[in-house]
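Shared between the two complexes below is chain A, which pairs with chain B and chain C, respectively.
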Partner chain A sequence: MRGSVERRQHRAGWAFVTPALVLIGVFFFVPVLAGLFLSFTDFDIYAIGRPETVRFVGLANYARALSNSLFWQALGNTLFFVLVGGPLSVVTSLVAALLVSSKLTRFQGLFRSIFFMPVVTTLVAVAIVWRYLYQPQYGLLNWLLGAVGIGPVDWLGDARWAMPAIILMTVWKNFGYNMLIFVAGLQSIPEELNEAAELDGAGGWARFVHVTLPSLGPTFLFVGVMTMLGNFQLFAEPYVMTQGGPLKATTTVVMLMYDEGFRWWRMGMGAAIAFVLFVIMLLGTMLQLRLQRERRT
Partner chain B sequence: MDGGAATSAEERTRARRTKRVSARPGGHGPRRAAHASLRLVFLLPFFLTLAGCAGAGREARTTLRFWAMGREGEVVQELVRDFERENPDVRVVVQQIPWGAAHEKLLTAHVGGSTPDVAQLGNTWIPEFVALRAVEPLGPWLAGSRAVAESCYFAGIWDTNVVDGVPYGVPWYVDTRVLFYRRDLMARAGWDSVPGDWDAWLRSMEDVRRVAGKDRFAIFLPTNEYTPWIIFGLQAGSPLLRDRDSRGDFSGPGYRRAARFYMEVFRRGLAPNVAGANIANRYQEFERGTFSMYISGPWDVGEFGRRLSPAMEGAWGIAPLPGPDGPATGLSTAGGSSLVLFRASRHKAGAWRLVEYLSRPDVQLRFRSLCGNLPARVEAWRDTTMTRDPFARVFETQLRRAVPTPKVPEWENISLRLQDKVEAMVLGHVLPDSALAALDREVDRILEKRRWLLAHERRGGPGGTGTAP
Partner chain C sequence: MRKALPSLLLHAVLALGALFTLAPLLWMVSASFMPGGEANTFPPRLLPSAPTLAHYVDLFTRLDLGRQFLNSTLVAVASTLISLIVNSMAGYAFAKLRFRGRERVFAVLLAALVIPGQVGMLPLFLLLKGMGLVNTYVGVIVPFMAGVFGIFMIRQYALSIPDDLLDAARVDGAGEFRIFWTIVLPVIRPILVTLAVFVFLSAWNDFMWPLIVLSDEAKYTLPVALASLSGEHVQDTELMMAGSVLTVLPVVVLFIALQRAYIRGVMMGSVKG
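Take a look at the complex of A and B:
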């Protein structure tokens, strides 16, 4: 009797899970495995015309990607974006979250909505507007800089400034999302902790460092990992604003992958670059998890 | 069924479609649903006869799907209507595709098995679509045609459509690059025309810069465009690629001569060493005299006319490009668009008739009057509207000296590598000789698959460049 109930529950459980598993299998695992297989071949434009010309090349695509100076440049640009843009984005989000959660702030909901608005705006539209802002001669940004006596900066045309300009735009566009997560994290901190700390004589700063920040640990981990994963996949912003230039200063790994795969139709090489990026992102995530664990112990 | 009846069936089908759409919002609530089903019963016999009729119409009347890009896609609608009047059994649906999305859309259409019957293709894209086996070899169609023949086209332009001896496209309109120059400044510098050879050209640049004043240049060669570097190479007799287009030939004597020439232009400070983006408005700078010469194509004739102030009228002109050893070596690129048929099409006969129609000299002239594109047919160039146009005469001279770039699907990728290397050379990061040797190494890597295919073709294995039948 009991066994049959268990079996029925078991079956029901599988029935519930199966559709999701099938979908994940068909639309995720199969393509990923096919991509992995592709990365060991030289599938290219000739092979689309005549599949019999595909050759198995083993690790040659990986070797060639890693010996390509453009790959390292793209990786450098991507890491710059991840290491500078990521923390900047997280800090901005945290500050914004503290501001909109502060007891002194009025119209909290309104500010949250306003800060969140760039997140739901179409990226291409945002990028085009920012391109106007960055326009060296007539752009608003240079006009403001000119007002305080700073000479014009060719934001998107100068190899030194193009990536910082893109970082600035993406931070502005995306901080609202992480802000909401931080707001949720801040709300889950029990009020008693702050009150107890206050009774012990802790000032505002001390309470922030010793109560708020440690309580936000899990939130930080989530925000950090998600931001990093998103930043590693930077593509649309430079694609719209700079097409990877000037002097390849904004070419990212995903952009390189896109070029190899869909512009030059070297699908094998594109797939290999995708898997290299996957491994790098996996290592990055593991590093963050390790750091978080060490901090806790 | 004759054409008239087919048209009315067509109209009815369209009407039915509208009815279905407008009926949609009324489909809520049980009462409305009952009402709708009642109406459906009433109309059922009517629908059935209609369906029968539409079926018969489709049999008699072929629908061609024609993809055209940008402005051409817009104006060709008008030409196509006349074609339909002449061919009542064919209907043409023109789909207009923006240039920026065209390449990707055509490729995905091919992979997804949904290519149109006929399309406009930039003629430099043809080798790629030949390698994909997407486009129809036109040999048999041309053999049976009285309306289209190779001799009716500029040789260099026709050649861009031929891959491994097989023609795949019919030129629709053409373009090539010429020299835009400041006639007034050149005259003040003592040159009543642009000289024909490189040495004299260099001297004229020195002179015109002197006349233009301090902080001025002679010519603008933007480092973020690759076409000039290809043109100089072609002019100096470089094949650009060698061994049946399977290896780079940029460190060969031809290209080295070209590189020496344009590096000399930069070394003497006759051209600013910046990308195009840094000259914010090339028309304004041209008017200001920042530079007096610029290599560009027919589209810029209109732009220069529109964007320069009225006072500039007559102060500028165009000339055929100078060459290393005189005017005959002043080659330029053979650009433009061709019309192609797709292998997967089931209406090739109708599609070919459309190609023949669009290639007729009178239709080509109408096309020119609609959008300003230069006609591909040489007969059209004998029309008085062309012979009286001084700009057209320069383009005609240049088109006789137009030659194709290597016809391999990897060419655009190679062109961009060349552009990168030239940019590095101009900025002084690398010496020309080592940059060109490095370029050849990169190009050889890109063409590795092609070498393998050629080797297999010789051995008779699976291979060949995917082109020769």
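Take a look at the complex of A and C:
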């Protein structure tokens, strides 16, 4: 009797997970493995019609990618976006979370919803909006800066300013997401901790440094890793706002992969670039986990 | 009394932050009602001199964007419905049904979260090409039909279903599928709403995958259509703003209507860290 109940649940369990496993397996795990295989071949536009012409080329795609100066430039641009845009976004989120969840703040829910609003908007649409805000002659941003005496900046047309402009736009778009996660983290700090510190005579800043920040450790790790992984995949913003220019200053690794794979149909090369990015992302994640562990000990 | 000044300062900073956050969206709406050319003047106009619906009319007549609006709706609704069924069944099973290999399979799925979607994109395209699904709606929704994050979300919620409730139904002779349909689904309704909003928004807003899969303009989703229009109509600021409003409005309305459910999902995401 007992055995048959167990068998029934076993069968039902597998029946329930099978649709999801098949879909994820066929449309995610198989392509990922196939991508690794593809990266060792010379699969190109001719191979799409005649797959039998594909040849195994070993690490040639990786070698070609790593000796291509455009790859290094795209990697540099992407790293700049990750290392400057990421921390800027996290700090903005933390400040917003502290302001929104202060005990003095009224209409907390309203402010939270407003700050979160850009997160749900369609990236392509708001990227187009920002392209006009950045317009050097008529754009709202230069007009505001002009009012405080800062000369016109050719935001998206100047190779020095294009990536910072994209960073500013993505901080605006995304800070609300991490803000919510910080709000959740702040709520989970026991009230007694703050009260005890206050009794010991700790001021607002001291409490922030010695109570709030250490308690947010796990939240920082989560936010840091997720933001980094997302930022490494930068694609639509430069695609819509700058097409990777000017002077390739906003070309990212994923854009390069897209161009190689879907524009020039050099799919072996595109797959190799995707895997290089994947390995860099894994290393970045491991580094953050390690730093967090060291800080704790 | 002592707290009046800090409180005033705090609210001033918050209000300024809110203004900066909303400004791009408000300008987008305002510019979409401006007569042609008015958004390209100096100093910039904040409000239209004579509000006009001409650009919205243009969108639906000359540019025929109504078709892409329907495409986006179809893709987002279909993704949402399929993912609700597939993910809720799997999430419930991982939480409540005892079957051999459960923990190991779930661990493999979670590990997949670190693999970025781009890694499999090229082979996925070739696979869909082989299946004849390139340039079809089915091809667009393939990545949304089942998701590890969705399964995880449902599982966390379903863990709180009392086993007694399920066992009582089993004693009464109910089959597992019947239990799922009549007992489990009503209980996990709140998290189903959360998942629905998540999937709808990501399917509606997605750009890179539909850009890759769709080649036929009549099948474009709104973001892809908008990106391609913004190249041709770069001078028509007001028209592009109307197109942006059309694209953003549905998701903003959905968020405002269901923000509780959505925010719960964001907060749950952080628990797994």
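The working rule: the second predicted complex is superposed on the first by the 273 of 297 C-alpha atoms of A that agree within 3 Å, B and C clash if a C-alpha of one lies under 4 Å from a C-alpha of the other, contacts with A are read in each partner's own complex, and residues count from 1 in each chain.
Here is the rule we go by: a residue touches a chain if its C-beta (ideal position, glycine included) is under 8 Å from a C-beta of that chain, and two chains touch if they have at least 3 such contacts.
Computed from a prediction, not measured in an experiment: that's the story for all the values here.
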| item | value |
| --- | --- |
| Partner chain(s) touched by A:278 [first = chain B, second = chain C, both, neither] | second |
| First (chain B), second (chain C), both or neither touched by A:205 | neither |
| Partner contacting more residues of chain A (chain B vs chain C) | C |
| First, second, both or neither for A:180, with chain B first and chain C second | second |
| Partner chain(s) touched by A:247 [first = chain B, second = chain C, both, neither] | first |
| Which of chain B and chain C A:262 touches, first, second, both or neither | both |
| Chain B versus chain C as contact partner of A:221, first or second or both or neither | second |
| Touched partner set for A:137, first chain B, second chain C, both or neither | both |
| Which of chain B and chain C A:46 touches, first, second, both or neither | first |
| Chain B versus chain C as contact partner of A:157, first or second or both or neither | first |
| On chain A, positions contacted by chain B and by chain C | 48, 137, 262 |
| Chain B partner contacts - residues on chain A that touch it in the complex | 42, 44-46, 48-50, 52-53, 55, 64, 136-137, 154, 157, 245-248, 262-265 |
| For the chain A and chain C complex, residues of the former touching the latter | 5-6, 8-17, 19-21, 23-24, 26-32, 34-35, 38, 48, 96, 99-100, 102, 104-106, 111-118, 120-126, 128-133, 135, 137-140, 143, 172, 176-177, 180-181, 184-185, 218-219, 221-223, 225-226, 229, 232-233, 235-236, 239-240, 254, 257-258, 261-262, 267, 270-271, 274-275, 277-278, 281-282, 285 |
| Interface residues, chain C side, partner chain A - complex | 3, 6-7, 10-11, 13-14, 17-18, 20-25, 27-28, 31, 39-44, 85-87, 89-90, 92-94, 97-100, 102, 105, 109, 112, 114-127, 129, 142-143, 145-148, 151, 170, 176-177, 180, 201, 204-205, 207-208, 212, 222-224, 226-227, 230, 237, 240-241, 243-244, 247-248, 251-252, 254-256, 259, 262-263, 266-267, 269-270, 272-273 |
| Residue ranges of chain B in contact with chain A within the complex | 104, 107, 110-111, 128, 131-134, 224, 275, 277-278, 280, 409-410, 413, 420, 423, 445, 449-450, 452-453, 462-463, 465-466 |
